[in-house]
Amino acid sequence: MTPSLLYAFAGVALCGIGLFGFLRLQHLLRKLMAFNLIGSGVFLVMVGLAQRNGQPDPVPQALVLTGIVVAIAATALAVVLIRRYYHLSGQTTLAEPAAKSARPKARSVNREGAPE
Amino acid sequence: MTEWLLDGLLVLALLTTAVAVLASRNLFRAVVMFIAFGLLMALAWVRLQAPDIALAEAAIGAGLTGVLLLDAARHLGYNRGRAGDGDDQGGASG
Amino acid sequence: MTLSVLMPVFALMTSLLASVILFALPEKGYRLRTIINLAAAILKIALVGVMIWGVAHGREYEAAFTMVPGVEFVLRADALSMLFAGLSALLWLLTTIYAVGYLEDSPNRSRFFGFFSLCVASTMGIALAGNLFTFFLFYEMLTLSTYPLVVHRGTTKALRAGRNYIIYTLTGGAVLLFAIAWLHGLVGDLRFQEGGYFSDVDPSLNGPLTIIFVLMMVGLGVKAALVPFHGWLPQAMVAPAPVSALLHAVAVVKAGAFGIIRVVFEIYGLEAAEAMGLLAGLSVVAALTIIYGSTRALYQVDLKRRLAFSTVSQVSYIVLGLCLFGPLGVIGGLVHLVHQGIMKITLFFCAGNYAETLGVHRIDELDGAGKRMPGTSVAFTLGAFGMIGAPPLAGFITKWTMGAGALEVGMDWVVAVLVISSLLNAAYFLPILHRLWFAEQCEPWPHERRWGRLETSAWLLWPPLITATLMVLAGLLANVPFSPLSWAELIVLREVAL
Amino acid sequence: MSRFLGITVLAAVCLVFAGALMITVWQIAGTQAPVDLPGLLADNLEASGVEHPITAVLLNFRSYDTLLEIGVLVIAGIAGISMANTASLEDPELRTSDSLLYALQRWFVPLMLVLAGYLLWAGSDRPGGAFQAGAVLAASGVMMRLGGIPMEFLRPGVLLRLGLALGFSVFLLVAVVSAMAGDAFLAYPDAFTKPLILIIETVLTFSIAMVLLALFVSAPVNGAEEPEEGESG
Amino acid sequence: MTLWLMAGLLFTPLAWAVLTLMVDFRKGRLVTWLGMAVQVLVSLGLWAAVASDGGFLYLLGGWQAPLGIELRVDGLAVTFVLLTALVAAACGWHASIYLDPGKPWHRYFWPLFWFLWAGLNAVWLGGDLFNLYVGLELISLAAVGLVALGGQADALRAAIRYLMAALLGSLAYLLGVALIYGQFGTLSLAGVTELMNSGDAQSGQTFPLVLMLLGLALKTALFPMHGWLPPAHGIAKSPVSALLSALVVKASFYIAARLWLDLGGELGGFALAQLIGVLGSLAIIWGSWLAFRQTKLKQVVAYSSVAQIGYLFLLFPLTWGVTEAISLQAQQGITLQVISHALAKAAMFLAAGNLIMSVGSNRVDALAGVSRFLPFSLFSFGLAGVSLMGLPPTGGFAAKWLLLQASLASGQWWWLAVLLAGGLLSAAYVFRVYRASFIESTDTDQFYHPSRSLEVIPMILALMSLGLGLVAEPVLSVMSLPFEGGGQ
């Protein structure tokens, strides 16, 4: 057991917590934060596990750097989408306006909730 | 021993803030917690002998993501969509 | 690429290409469409004629390539396939002529003739298929290309008929595919071969082979309208008359019957099938279908519906013939493939003529039609007598040969079936003839149309007259070379090594 | 009641997942990795042209990853600005009225620019590099923007798009030129390895900052209406 | 020569993404046509090169596997590269006419389109686990961007849902990669396989494989994780839907398949294989049923994707614990299914787009009487439908045949029922559309004929899907040993 491994286990816990949040939460921004938490957890596992004998390993560190950039790209894109979605529909969750059926009837209803 | 203590505390703090991010009722608070989480992550990376990631995490993870989320949270309104509403249906599992 | 390879491909391509061109033609290009239709049909007859001549003189026509690993696509012309190919080529020409007249002034002709050609191409493919896989390929293609024809009118009734048709045939296709795949897994890719494969098969395979046989009969029986899989056929008569003619006489039901012949003769082998006890069950089903179809036909008041049930009954003669397990019986079955086609197409042409010219659909409206339309009515009468089996018409040849075959192998009960069926045939055809010729017209025709001098359009009149003539000739000249009967004898001599 | 049940089930699923993951990590931690990649890396560091191993991995050994990753960033940027509308740039609401922040940013922005420069320069032999520098640059941009400085180049125009794509294009050009020279895609010519990496890093810094900034600015106020295929009729 | 081809293959899409970003929609269209020509030629060239000389490993940056990233250019990979080139070129061509140049946001279609293409090529060729992750993200973000492009609330909802699912899937995959790296110290898929087969390494863990498969299955929309797919594919512009259904979902499946075939033998198990197979079967049944129930044309096609994807997952049970020959048969069947579904589904979406344009409505009922006008697109739709039903002589049939044989030979007869029922169910929803088009209604006078080239493209794709069954043998022989590295 090395400190690195401790962080790997912390990563495992973060994945669990994040997953719970991701599946549980409805608000899209919260979902997004949960996604970032899982991401951090995965990165911790990646580096922590690879460095379990205490020696730094530059390869997973480089991978995590790449991963962070990808994550911020995805997050930023998601934020833009969410904001536009909110702008158009006034909603902050993915709940369908009219139940689950694919009928388009209730569409005008959610339009009226436009923001600003 | 002190190192272990330090690491243990850091991990504990990380997990606590993570839970706080998801559990806090106020969206704005959650985002602030998220920024704090990013900073703690940066510390963790330092402890993992990964200064590059620490820098990136501080700048990107905590800084930029935080600002983005803050701005979005302001746009969407702080008190909309509290943590506890709705059922457990996720975007992925539907 | 020698000519022997190309011939079957050409025969297939004539109607396939015709169909593509017809789809591309604008709706208004009536004349060009008719020319292309007729040219393709005549070309096909010529090609098939050449192949028949070649096959009779022992030539081989075969084209093959590997499609999927382990499976070949084979087109081959042998005596059996020529029997069916000849029938469909000949009747295609006549039906096309008829359809041109029948569909005059109606919409969607481009679509109709396109799918019509596609349907014939599938039939040709079924005739020429050299193994089960290729057979299945065209069998399903036939299903798809006939659907638009069945629902052609676009009415609720037509759509319902189309839905039932597709449910029956696709399910049958799935069952057939299952059986073919299973057989392929057991013994590999099987080309159709004289005498079949299973004459000395490992007894341990008997169980699976029996199940596969039953599955195949179910799959093919749907199209051949064996009871209890016949439900789609009477409904499908809502289609335009040329389509009904084609469905009943050539394409669909015959494809099923032809498939049964192929499987029994050239996959299992007649002997092996008999030895496994497979034919006994089949013969019972066929006999039941014959009686059932005829009985149901008695009660129909709609002319086309009566003819449809008559088809249900008649097609099973072919199957029953095979089960007789003797040269004569088999000949009877094979020749009925052709004879029934010619007779039934005559009857449907006539039914179409009555409907188009006089607006008559029901049998009780036919009173006195013989005076109004003598040519059509003569053809109808000949067809009806042929069906009943009156000598010297084609139907008589069939029944006589089959009866003799049954006695030869000691299956006397089949003779009883034949007699009962003939009586029933008479019972449902003679009243129609009576109305045609001897009853007086008491009401005006529902929708009369006039086409110049003749009783009806020449396009509509000639095809039934020609087929009626052919039918008489097939009976009178049964022993001339290249008559259906002699060809069936040739097949039995050559392929079914009894 | 069903809600409570749902939470319980979900929590159980997540617990099982975390437990399984924990066990796996524990078991893997008990083994020794059969391939010694850090050692291999140390042996080849010389040939990579830079001293800092992470930069070597990112921009030489696994440069294809980085190329595609910048692609991901550019995609996010494109998708972002496709939703953007310039109107938001002038939106007074976006400016902070906080005088403290305003004062702070006057001090911070130059400092951050310097920091970004340092990070970029440090990248080749010490911790730091294009990402970190780009992020800091972007952060200073965000500060400026919050301070109400109108940044004309952030309007969705050709300048913005050029800026987005510049780093990526240069990287790509270097990659393909080396391939044209008969070597593999992305293989730097030996003599120019270090300068090329430095050039790439510099332009990447700039482009990363641009993308992040553009994404921050793309406020979604596109008022245009277009019926969707999925909805008509 | 092959080096040049490889460089061209990797460079063109990325470079064209940048080029088209600089110009507006109309100019981008011209630039794109050129790029598509280049890309198709390069793909053909590479395919021909591999077909004649066999596969090889391409070292990016000149670095060998554990340190650098290797691309494995084998028969299967180039087949998919070629497939992508053909389908994407068709969709791009269609989009260049279909999309309205007047909408300002459509200029961003081209760069996203090219990035998507680049990501697909990266995935087909990728031999490095982490590189595949980046490729997947490239594809996902580009695809989400395309779905959301200029969209309204519903499109955005679909796009966000898609994004969330894709991100979660990627993370699960990445977590698996992290564990694999932790255990083996290498990211090269070939390296891991070699280590596992050589027996040097301690026995591997199943969980990382399960994680990766789970993530990829989510991205491939395997039942019951398919919820995101129909809204996204149904609401996007038709060329985009075509790209997504034909290629994008296949990318994640392709990775899952390669993982399974390389690592599944050691790390997988009978139960896991069967479970995935059962989920695939449920997807076939449930997806077809839902497709049958949809009232909107594009939703029918989208749900049909859910069902057709189900077939792909039969690969897992049919290749685990069976002989080489059976496994090969199953792999060939699945490969054919991927190709024929890609062609047929692209044709179907493009044709559906044209039909919607013609009748001005997305509802299936609105097609009443359409067949009277003999729109070319209806034919294309029909032909593609034949392939989906798995009727001969289409590629779908050849695939089904091989799968039937593989199930019989492996003794897993229960998949037979699924395959046959699936065919009938797909017939049900395809014929529902045909049927609607044959209804004779008097009020269908309004009919707009889309431009010829719009109609020709789906027809070409549908014919290719149809003809695939006839030439399955040569196509399969080129990917001589599917899923196995060709060049070592």
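A, B, C, D and E label the chains in the order they appear, each numbered from 1.
Here is the rule we go by: a residue touches a chain if its C-beta (ideal position, glycine included) is under 8 Å from a C-beta of that chain, and two chains touch if they have at least 3 such contacts.
Only a predicted model underlies this, so the values are computations on that prediction, with no experimental measurement involved.
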Neighbouring chains common to chain C and chain D, by label: E
Chains most often in contact, by C-beta pairs: D-E
Middle chain, criterion being Cα centroid separation: E
Most distant chain from chain C, judged by the mean position of its C-alpha atoms: B
Length of the line joining the C-alpha centres of chain D and chain E, rounded to whole Å: 28
CA centroid of chain C to CA centroid of chain E, Å: 43
Separation of mean Cα positions, chain D and chain B [Å, integer]: 19
Geometric centre distance via CA averages, chain B-chain A, whole Å: 11
Contacts with 2+ other chains: residues of chain E: 130, 134, 137, 141, 144-145, 148, 152, 154, 160-161, 164, 168, 175, 179, 182, 185, 234, 296, 299
Chain D residues counted as touching two or more neighbouring chains: 7, 10, 21, 25, 28-29, 33, 37, 41, 54, 62, 65, 69, 72, 75-76, 79, 83, 131, 212, 215-216, 219, 222, 231
Chain A - residues contacting chain E, complex: 15, 22, 28, 31, 35, 38-39, 42, 45-46, 49-50, 52, 59-60, 63, 66-67, 70, 73-74, 77-78, 81-82, 84-85, 88-89, 91, 94, 96, 102-104, 107, 110-111
Residue ranges of chain E touching chain A (in the complex, touch as defined): 130, 133-134, 137, 141, 144-145, 148, 152-154, 156-157, 159-161, 163-164, 167-168, 171, 174-175, 177-179, 181-182, 185, 187, 230, 234, 294-296, 299
Chain B-facing residues of chain D, complex: 2-3, 6-7, 9-10, 54, 119, 127-129, 131-132, 135-136, 138-139, 142, 212, 215-216, 219
Chain E residues touching chain C - in the complex, by the definition given at the top: 329, 332, 336, 369, 371-372, 374, 379, 386, 389, 391-393, 397-398, 401-402, 404-405, 408-409, 416, 420, 423-424, 427, 431, 434-435, 438-440, 469-473, 476
Touching residues on chain D, where the partner in the complex is chain A: 7, 10-11, 14-15, 17-18, 21-22, 25, 28-29, 33, 37-38, 41, 53-54, 56-58, 62, 65-66, 69, 72-73, 75-76, 79-80, 83-84, 131, 208, 211-212, 215-216, 218-222, 231
